[in-house]
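Dumping the structure here so I can ask a few things about it.
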Amino acid sequence: MSVTIAGVTMKNPVMTASGTFGSGIEYSEFVDLNHLGAVVTKGVSNVPWEGNPVPRVAEVYGGMLNAIGLQNPGVEVFAERDLKFLEDFDTRVIVNVCGHTEEEYLSVVERLQEEKRVDMLEINVSCPNVKQGGIGFGTKPDMLCDITSKIRKIARQPVIMKLTPNVTSVAELAKAAEAGGADAISLINTITGMKIDIERQRFVLANRTGGMSGPAIHPIAVRMVYEAASAVKLPIIGMGGISNAEDAIEMMLAGATAVAVGAANFHDPYVTQKVIDGMTDYAKRHSLERITDIVGILR
Amino acid sequence: MSVTIAGVTMKNPVMTASGTFGSGIEYSEFVDLNHLGAVVTKGVSNVPWEGNPVPRVAEVYGGMLNAIGLQNPGVEVFAERDLKFLEDFDTRVIVNVCGHTEEEYLSVVERLQEEKRVDMLEINVSCPNVKQGGIGFGTKPDMLCDITSKIRKIARQPVIMKLTPNVTSVAELAKAAEAGGADAISLINTITGMKIDIERQRFVLANRTGGMSGPAIHPIAVRMVYEAASAVKLPIIGMGGISNAEDAIEMMLAGATAVAVGAANFHDPYVTQKVIDGMTDYAKRHSLERITDIVGILR
Amino acid sequence: MRVKTKQRLQVRESIEIAQGVWSLVLQYDAGSAPDTVVPGQFVGVYPRDGARLLPRPISICGWDEKDHTLRLVYRVVGGGTREFTTLAPGDAVDVLGILGNGYDLAALTGRRVLLLGGGIGAPPLLELAKRIQLENRKAGRDGSVTSVLGYRTNELFLSEEFSQYGPVVIATDDGTVGVHGNVIDAVREKNLSFDAICACGPMPMLRGVKALSEERGVSCWLSLEERMACGVGVCLGCVAKTTKKNAHSKVNNARVCTEGPVFNAADVEI
Amino acid sequence: MRVKTKQRLQVRESIEIAQGVWSLVLQYDAGSAPDTVVPGQFVGVYPRDGARLLPRPISICGWDEKDHTLRLVYRVVGGGTREFTTLAPGDAVDVLGILGNGYDLAALTGRRVLLLGGGIGAPPLLELAKRIQLENRKAGRDGSVTSVLGYRTNELFLSEEFSQYGPVVIATDDGTVGVHGNVIDAVREKNLSFDAICACGPMPMLRGVKALSEERGVSCWLSLEERMACGVGVCLGCVAKTTKKNAHSKVNNARVCTEGPVFNAADVEI
């Protein structure tokens, strides 16, 4: 079941989606982190971020909206506490990085260079919940290419650029990331949505809009992974609404080398283990030598 | 409950979404068409279209994908049979128009000028299932503006431009339609998605991708209606995942003057009537003088 | 009464009659029951789970005009049918029906009719067998029904019920019962004679049946399956390719849910 | 045994105890039951419908250590709670728990504790009343519990059960029973004396309670509510504003699901 992305080998293709698993501390009561392909940590910035006012989450049909606004304790505390916690586990650690400005992204990446526990970096240029930055980089090909190459220059770890689905052509952005020297891309981040409380006649989320995730977005995510995989040679980490092994296999057939499980953790804290088990079964049933034999075979 | 869009008054804000209600013939066994704000007919082209190979539909979590490919009998038969059928009903008739090229759009619009039963035209520049045209117009602001003004010039009926959600900024396209002289805009059309049969390892739809509709897309649709309403002064017809009165009210609070019910008809052929009844209740409960008092009050 | 409705019906019986094959009997209220049900027609059964919104097309396997009960026999293949197995007597289930065009009973009366049912294609033919016998008796004509049923294994669900209406020939994929092979192998091996064929089953079988009918020069009706959304003719999701331009579509497409699911084999390209 | 689990529990009892207010008793297996349950903690109850994926946070209203039964009392407000009303004894329901931090029993033992419950805020205080009495007896100290319960109307659900543990004062919005007004009006009108307050109810009430505690200079614990997704501290959806920088977040946010839902009133900005 092992897969290799940008030279980093993981036991299996199943990772956690950033922001839905903390740094693994809480869910380690439910699943053995040693069984996961990788733990992808919550977005971290150079200094602590407060995030958005509450309400920050809302349920929608077959999914949820979130507008956390990237609350995080900052890279210093993250490195001392969360990376330290992860030292005890035999899994890959992918650190998700956020920032308002180019400088902020670069300073986080720089700080993480000293940390041995970081196997890869995932750059969130696609968070829809931060006003000043983030999403801007993610929707403009030239800006995306530029920031990718700047990060690439200073990072010793492989760099994964995480793309937003809120664009006309995800293929174009995948190409921009590739041109900037990304080692891999991941997609999709959440799709911007809105919920209104019709009785009180106001927005459910304090932030008005939020990012939608969960099984409701899965078919859109599969399509985008397929489009991206058709456009670039980079390995792809597919996510969006994966809640069982079938969804994960679908992503891989569409072109993903690995997958990440997000909001499904909230529905079932054991889900990552179940996805791994189900994929192992599938590989047996279809007599696959390697699970990666199915990656992108539908073209 | 009446609303007026571009000078056309409807009994209530509830319409059918194009392609999900035929021309009303079939569902007239379930609902009284006289009760509907408007019947919006299936996309019609200048000549009969065959559409895509089957499978053309697939169920997805909380919704469905379709890749009908705009099969239709052509405007001649449509006018003689479908428009004739609608003559017996006291409801508004909005004809949805499709084409591969500018000329094809214009020839359908021209042919419909003679038809008294046509109250408004809805121009589908956003169908994701037709290879040669359609979607191109819908994603490029300048092309959208251009075709809008050309249709506007020859149409005596008000022209509604129907926008695609598969874009980075729906506001930009709404503005382009406004600049081209559209009388109203409608949104959203389906969101492109994909489903893969993991056991047979092939695409479920013959067309590979299909347009996603149903409650799963509702929060995305509400957000886009809100964005469009914030960008233009045009009246907006909101759709996408509406399956009850609450969903419809949400759309109006976000900025829609009227709403259309699509895939929900397949789950419940009586749904349009239920939406109308539920909205009437809401208007009473909130002591609204006119249902339109809530349009876009959340800004 | 309207012809088509979406109604909440009560479950009268739900039993597993072979591995993964269930018989479900649903009760209509006398007042809202359909006036006529033609064999070959189907209903759309709605799952309850909000993740699954489309009706599941299931053929009518039995219709009791007096009791107003509908019998469906289905195989568990995915989430919707799996959900149906949890239904218990007294539970409610939403049903869209009666849908589609069934078999042309008038054309079958007084003839030697061969019914070919492959696997889960058998259920609609059971009601057809019953009705052909009934029509023959009513008309005082001596047509006959011979049923050839194909199964994977020796779980011969419904075959005994077919034998009430005429001879039954069994074919099994694994050769455990009857002819080793498919229904067409069985027809050839048993050297059956007939004037008309009605068939329901997987597409490769239907292609073989169409070829057989052409070879023998007999009329042939096929029950087709296609992915559906609305079930009532509006979405154009479920089309079959027709040999001639279709009156409704003006192209070579007919709606399986409306013009079908039963087609004259000569009218469709399969 | 792990502290937190998602388990399928069996429904033992499900009854409507006031209009739209239900009491639900769930059975744990002896082997997988939680070791300790602190009043003020909660569980996440999962709807079954696939359209609703998030757990519904519901406070623990009763915990029977011997029988391993959990009692929840909830008001029907939306689709999830409406679905729960269809549960019948013997049905299975998925529960995430035990979640959050409860009341500080040690700090309440031997004191005159005032419990303030507004509407559907009362349920968690019932288990608290029981446990304070128990702790007082165990410790041989003579603290007391006075419960002030606010209701909309004369449907005084749970109030009799509270009276097992000490005096109960009722306030109703419509004045049909007890004090006409809210729980704070009742405290003033009855001139109650106390050393500590524990309160659960709507936000405006909690603000009033916090002010009351400051006025009287007594310690005060509040049970807060916030929209949740994970319930276990990972999503950061459910934060409350804290007066000081929080140790976990390094900003002025504490997770209601993890550091809460019970907070010392002095620690939160509400």
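Just so it is clear, A, B, C and D label the chains in written order, and each chain counts residues from 1 on its own.
In this text, a contact is a pair of C-beta atoms (placed from the backbone, for glycine too) under 8 Å apart; a residue touches a chain by one contact, two chains touch by 3 or more.
Small disclaimer: the values here were computed from a predicted structure and weren't measured.
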item: Intersection of the contact lists for subunit A and subunit D; value: B, C
item: Neighbouring chains shared between subunit B and subunit D, ordered by label; value: A, C
item: Centroid comparison with subunit A (C-alpha atoms), farthest chain; value: C
item: Higher-contact pair (C-beta pairs counted), B-C versus A-C; value: B-C
item: Between subunit C and subunit D, centroid-to-centroid distance (C-alpha), Å; value: 56
item: Interchain centroid distance [CA atoms averaged], subunit A/subunit B, Å; value: 34
item: Rounded Å distance between subunit B and subunit C, as computed from the means of their C-alpha atoms; value: 36
item: Whole-Å separation of chain centres (CA-atom averages), subunit A against subunit C; value: 47
item: For subunit B, residues contacting two or more additional chains; value: 61-63, 215
item: Touching two or more other chains - residue numbers and ranges from subunit C; value: 50-52
item: Overall pattern in which the protein chains touch one another (line/ring/star/complete/other); value: complete
item: Subunit A - residues contacting subunit B, complex; value: 60-63, 65, 139, 166-168, 191-196, 198, 201-203, 208-209, 212, 215-220, 222-223, 226, 241, 246, 249-250, 253-254, 282, 294, 297-298
item: Residues of subunit C touching subunit D in the complex; value: 48-52
item: Residue numbers on subunit C that touch subunit B, as the complex places them; value: 2-6, 46, 50-55, 96, 226-240, 248-253, 258
item: Residue ranges of subunit B in contact with subunit C within the complex; value: 19-22, 26-27, 29-30, 42, 48-51, 54-59, 61-64, 66, 68, 71, 73-74, 77, 214-215, 263, 265-270
item: Subunit C-facing residues of subunit A, complex; value: 61-62, 215
